[in-house]
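Same chain, two partners: chain A is paired with chain B first, then with chain C.
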Partner chain A sequence: MKDKYKLKLLAVAMVLLSIANVLWGSLDIPVKDVWQILCGKEIDGHPAWSIIVLQGRIPQMLTALFTGTALGTCGLLLQTAFRNPLAGPSILGIDAGANLGVAIVLLLLSGTATIGSLTIGGHLLVVTAAMIGALAIMALLMLLSRLLRSQVMLLITGVIISYVTSSIIQLLNYSATEQGVHSFVIWGMGNFASVGIERLPVFLVLSAIGLLLALLLIKPLDALLLGDRYAENLGIRIGRVRQMLLLVTGLLTATTTAFCGPIAFIGLAVPHLARLSLGTAWHKTLMPATMLIGANLALVCNLLSTLPRDGSIIPISVITPLIGAPVVLHVILKQKS
Partner chain B sequence: MFCSHFFVTLQKIMRVKLYIIIYICLSFLLLSCNGKGTDRGDEAGDTLQFRYAKNLTVVTFKDRMVATLRNPWDSTSVLGKYELEKPLSNIAVFGSVHCALFHELGADDVVGGICDLEFINQPSIKKGVAEGRIANLGNSMQPNLEKIVNLNPDALMPSPFENSGGLGRVERLGIPIIWCADYMENTPLGRAEWIRFYGRLVGRAKEADSIFNTVEARYQELCRKARNAETKPRLLPEMPWSGQWTLPGSGSSSTRLYQDAGAEYLFAHLKGNGGVPLSTEKVVDKAVEADIWIIKHHGNLDRQQMISDTPLLASIKAPIWWCDTSTTLLYEETPFHPERLLENLISILHPELGIHSEHQYFQQIKD
Partner chain C sequence: MIELRHLTVGYGEKAVLSDINQSLEAGRLVCLLGSNGVGKSTLLRTLAGFQPPLAGKVLLEGKDLASLTLSERSKAVSVVLTERVEVPYMKVADLVGMGRSPYTGFFGTLTKEDNAIVSEAIEMVGIADLATRTIDTLSDGERQKAMLAKALAQQTPVILLDEPTAFLDFHAKISTLRLMLRLAHETGKIILMSTHDVEMALRLSDILWIVQQGQISTGTTASLDESGILRQFLGDEEVSYNETK
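Right, the complex of A and B next:
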C-alpha cells in the first residue's frame, strides 16, 4: 500500500515536471501564451513561438521522459542480471559502440557519407551510425553470451570492448579536423533536443518496445535474485533470459544513445534511488519505480539545462552526475542513520 | 642648535635636488627612445607601423630584426620575442594557412617540414613531401620529435591556443618557436597584416608589404561601397548542432567582417571575442527576422535536411547561402585575403551594388 502511494506520487511528479518542461525553456514565453499555442493559436509578433513550443519543447520533453525511463530500466536489468551494483548501460560497451559509429562519421567522414548515389549527412547520419555501432556490439555480445557460460566473463568482455572502441576513437580524434572534434565533443555531451518531430515516432516506438519487453522480464528477474540454480528449478531458462536481457538493454541503450548522445549516470543511479526509496528488491514494484524516477530525473535535468538566462544551455551530461551523485549519497546516508 | 638644524635642512634640500636631477635625466633618456626601439642600448631601430595588427611589434635595425608577440590571452605578458639576423631558410610549418602564405610570397623553398599533411592542399607542398624534400612531421598537436631533430629547422611555426601547455619536449630542443597567433586578432585586416611579419621572417618584406597594401586597399574600397549601400540586410550566421548554436561574439573578427560587408548582424550584442554557444530556441526567436542566412559547413546541405534535424529551423525563412568547407579554399585563402571573403559577402548582401566576386565561397541553397 505504501509502495503504491509512492508510485502514485512519482507519477504525479512526472506529470508536473512534464508540464514544467513545456512551460519553461531557455526563451521566456509567458505561460498564457504557451497555453494559447497549445490551444492552436498563433501569438502575434512572435511567429517562432508556436514552433518552439510544439516542435521544440514537446518533443524534447517526451525525449527526456523516455530516455530517463529507458536508461533507468537498463541499469536495473543489468544490476540484477550481473548482481553488480556498479552495472549500468555503459558497462557492456553498447554505448561505446554508438560512440564509435558517431566518431567514424564525424571524425573520419567529416559528417557526410555517400553510398552509391545517396549522400546523407547531419543528424540522420549520426543517428544511423550510432544505431549501427550499438547494434553491432549488441550482436557481438549476444554471440559471445552463447559461448561464455559465466556472466562475469561477459561483463569483462563488455569492459574490454569499451576499451578497444575508446582507443579507436582516440586514434580518430588524433587526426581529425578541429571542426570534427568540436562536433564530436558537443554530441558526446548529450542532449534531448536532437529528436525532432519527424524522428520522434521512431524514437518513441523503439523505446516503447524495449520498455514493454523489460516489463515482461519482471518475473524471471525476481527469480534470478534467488540465484541461477533456484531460478532454473522454477523453470526459468537462464540462457534465454540472458539473451532477452541483452536484447532489451541493447535496444534501449542503442536507441537513447543514437538519438540523444551518451547520457551519463542515470542508468547507474536511478535503480539505487528506486531500491533505497522503496526498500524492496522485487521487480514488480522496483521496475515501475525505476522507470518513474528515471523519467523524473531526466525531466529535472532537462529543466536545469536551460537555467542560464543568457540563452546558453548546460550540457545534459554535465548535469546528470551533478544532480544524481548528491541524491544517491543523501539517500545512502539517510538509510545509514 | 640652530646650526645643526640649518645643516639638516640643507641636506634635505640637496637630496630633493638630487632626485629632481635624476628624474630629469631619466625623462630625457626615455623621451629620446620614444618611437624607436633599441635592443642593444645605443643602437636605434625603426619600428614597423602596424595599422591593424594589435599583437605584434617589429623593430628593424641595420643588421637584424626584433619582433615581440603580445600574449593575446594575457595583455601583461609576452608570447615570444625573436631576434633575427638573417632570413629563415628552413622552417617547420604547422598549418595549411601558413603554407599557402609562403607560397604566395614566393618562398615555397623555406618550408622544410610540415605538420597535418592531410589538411594541406598546396600542390607544391604535397610534391615536396612526395619527393622527400619536405619532412612530414606528423600531427601538429604532437609533432614527431625525432623528425624535427633530423630536420634541424631555423624555427618552428605552430599556432598557439589558450592554456595549451606548449609543445612539451619540442620546446626543450632549443629551436626558436614562432607562435602564429595571427588568428587571435579581432579584425580581418589585423590578421592579414601579419603577412608583413611573416614576409620579413623569410626575407620577402617588399613582397609582403605589397600584398598587404593591395589587400588593404581593396578591403577599404569594398567597405566604402558597402557603407553607401541603401539597405542593411539582417544577417544570421551558422547553424545549430546537437542543441547548441555557436555564434560569433561582438569582439570577433567575423562580426567585424559582417559589419564591414554592410550587414546588420542580428547577434552583434553578444559579448565575447570568439564563439558564443546559445540554445537553438533562443536564437530562433530572433532569427526569424533575418534577411540572409550564411552557413559554413563541411559537406552538402539542404534546408529540408536541416529542418528534419532541427524542426525549429522551419520558422526561419531567410534564403540560405552555404559554403562547403570541404571543397572551397575558405580556410586556406581568406585569413590573409579577407577582401576576397568580403567581396563575396557584399555580392550576396548587396547585389544592387553590382560587385562581382571572383572567389565564390558561398552558394545559394535552392529551396
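Right, the complex of A and C next:
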C-alpha cells in the first residue's frame, strides 16, 4: 500500500515536471502566453513562440521523459543481470558501442551529414548502427561475465571498451569532414532537443517497445537476483531471459544514444534512487519506480539545461554527472561498510 | 522416492561417478559424505537437473528427471547452493517468497495462499521473528534457515543442499542439521545434503551416502560401521561408533 502511494506521488511529480518543461524553456515566454498557445491561439507579434512551444518544448519534454525512463530501466536491467550495483549503460561501455555505431555513420559513411539534416531514413540508419554497436558490446560483456568471476573486473572491462571505442572514434575523425566532426561533437554533448517533431514518433515508438519488453521481464529479473542457478531451479529459462535482456538493453541504449547523444549517470543512479526511496528488491515495484524517477530526473535536467535563459542551453552531459555522481558515491561507500 | 539407475555423472567425456544404483525413500535426511573432488557436487548438480547425466537416469516418483519440463522440475526438486545470496533490500519473507515462483503468474505476484505458504515455511524453520529483516542483516545460520524456508515454500518432494553447514559455527551446524532431520520426518520430503561435518552427519542423519573411489556406499551409520565401510572411509585410525539411539 505504502509503495503504491509513493508510485502515485512520483507519477504526480512527473506530470508537474512535464508541465513545467513546457512552461519554461531557454527563451522567456510569459506563462499565460504559453497557455494561450496550448489552447490553440497565436500570440500577436510573436508568431515564433507558437513554433517554439509546440514544435520545440513539447517534443523536447517528451524526449527527456522517455530518455530518462529508458536509461533508468536499462540501468536496472543491467544491475540485476550482472548482479552488480555499479552496472549501467555508460560504465559498461554499452553506450560507447552505440557511439561507435553513430560515429561510423556520421563520420565515415555520410561525411557531410549533420544530425539535424538527416532524413528519417538517415536517422533510422544511425539508430540501427547504434543498436548494432550496443548489442555487440552487450554480447561481449555477457560472454565475459561467464569468465570473469569478480564484479570489479567486469566494470574495468567496460571502461577498457569505452577507451578502445573512443580511440577508434578519434581515428575516424581524421578521415571525416570538418562538418561531420562538428556534428558529432555537438551530438556528443547530449541534447533532448535534437529529436524534434519529425523524428519524435520514431523515437517514441522505439523507446516504448523497449520499455514494454522490459516490463515482460519483471518475474525473471526477480529470480535472477538470486543468481542463475537458483533462477533456473525456480523454472526460469536463463538462456531466453539473457537474450531478451540483451535485446532490450541494446534497443533502449541505442535509441536514446542515437537520438540524444551519450547521457551518463542516469542509468547508473536512477535504480539506486528507486531502491533507496522504496526499500524493496522486487522488480514489480522497483521497475515502475525506476521508470518514474528516471523520467523525473531527466525532466529536471532538461529544466536545468535551460537555466541560462538567453536562448542558449547547458549540455545535458554536463548536468547528469553532477546529479548522478553523489548517488554512485553513496552506493560505493555503503558497500564498504 | 528417488531412484538412480545406472547413473553416471561427470563433465564432457570424463565420468566422476559411474554406474550408480541407489534409491531413497520419502521422509529421510540423507547426508552425502566424501572428500573434496570426489564428485558430491557433480552428483547434486545432476540430481537438480543443472547438468545432464552422462549415462543412466534419475527417476523421481517413477518419472525420468530428463523428461520433465523446466517448470515441472522446479516443482519437483528445490536446491540450496553454496553461493551466497546477497541482494540489497531483500527481506527474509521476499526471499522465501521467491520459492513460490514456479506457481505464481506472469508478474510473480504472490496470492494470499502463497503468502500463507511463505509464512508457514518461515515458521517451520523457526525464524518467524526475522521475517521482515533484510537478508544482509542475518547471521550465516539464520541465512541458511531462510534459504531452507525458500526451498520449503517451493513445495517439492525433494530438497538438495550443497554443504549447507559449511560456514556455520558449531551451534548453528547442530541446529541446522536437527532442523533438517525434523523437517524430513514431519514433511515426508527427501532431504539430501552434502557435508564435511562427518561427526554430526553420523549422529543426525537417517541414511549416509559415502562416496569414495568412484563408488557410493549407503546405509545407516550403524550398518556402515558394521560392514567396515565407515572405518575405511574415516581412515586408518581406530574409530569406534557406539550405538546410542
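The definition used in the following text is that the second predicted complex is superposed on the first by the 253 of 337 C-alpha atoms of A that agree within 3 Å, B and C clash if a C-alpha of one lies under 4 Å from a C-alpha of the other, contacts with A are read in each partner's own complex, and residues count from 1 in each chain.
The definition used in the following text is that contacts are C-beta pairs under 8 Å (C-beta built on N, C-alpha and C of every residue); 3 or more make two chains touch, one makes a residue touch a chain.
Worth saying up front: this structure is predicted, and the values here are computed from it rather than measured.
Using the contact criterion defined above for the overlaid structures, shared-chain residue A:237 touches chain C, although it does not reach chain B. In the superposition on chain A, contact of A:122 is made with chain B only, not with chain C.
In the superposition on chain A, contact is made by A:223 with chain C only, not with chain B. For chain A, the partner touching the most residues, choosing from chain B and chain C, is B.
In the superposition on chain A, contact of A:174 is made with chain B only, not with chain C. Of the two partner chains placed by the overlay, only chain B lies in contact with A:26; chain C stays clear of it.
By the touch criterion stated above, A:158 is placed in contact with neither chain B nor chain C. Residues of chain A that lie in the contact sets of both chain B and chain C are absent, per the superposition on chain A.
Looking at the complex, you find that chain A touches chain C at residues 85, 218-219, 222-223, 225-227, 229-230, 232-237, 275, 279-282, 284.
If you check the complex, the residues on chain C that touch chain A are 48, 50, 70-71, 73-75, 77-79, 81, 83, 85, 87-91, 94-95, 98-99, 101-102, 104, 106-109, 154. Note for the complex: chain A touches chain B at residues 25-27, 46-49, 51-52, 55-57, 59, 110-112, 119, 121-124, 174-175, 177, 179-180, 183, 186-187, 189, 191-194, 196-199, 261, 306, 311-313.
Within the complex, the chain B residues that touch chain A are 118-119, 139, 141-142, 241-244, 276-285, 287-288, 298-301, 305-312, 314-315, 325-326.
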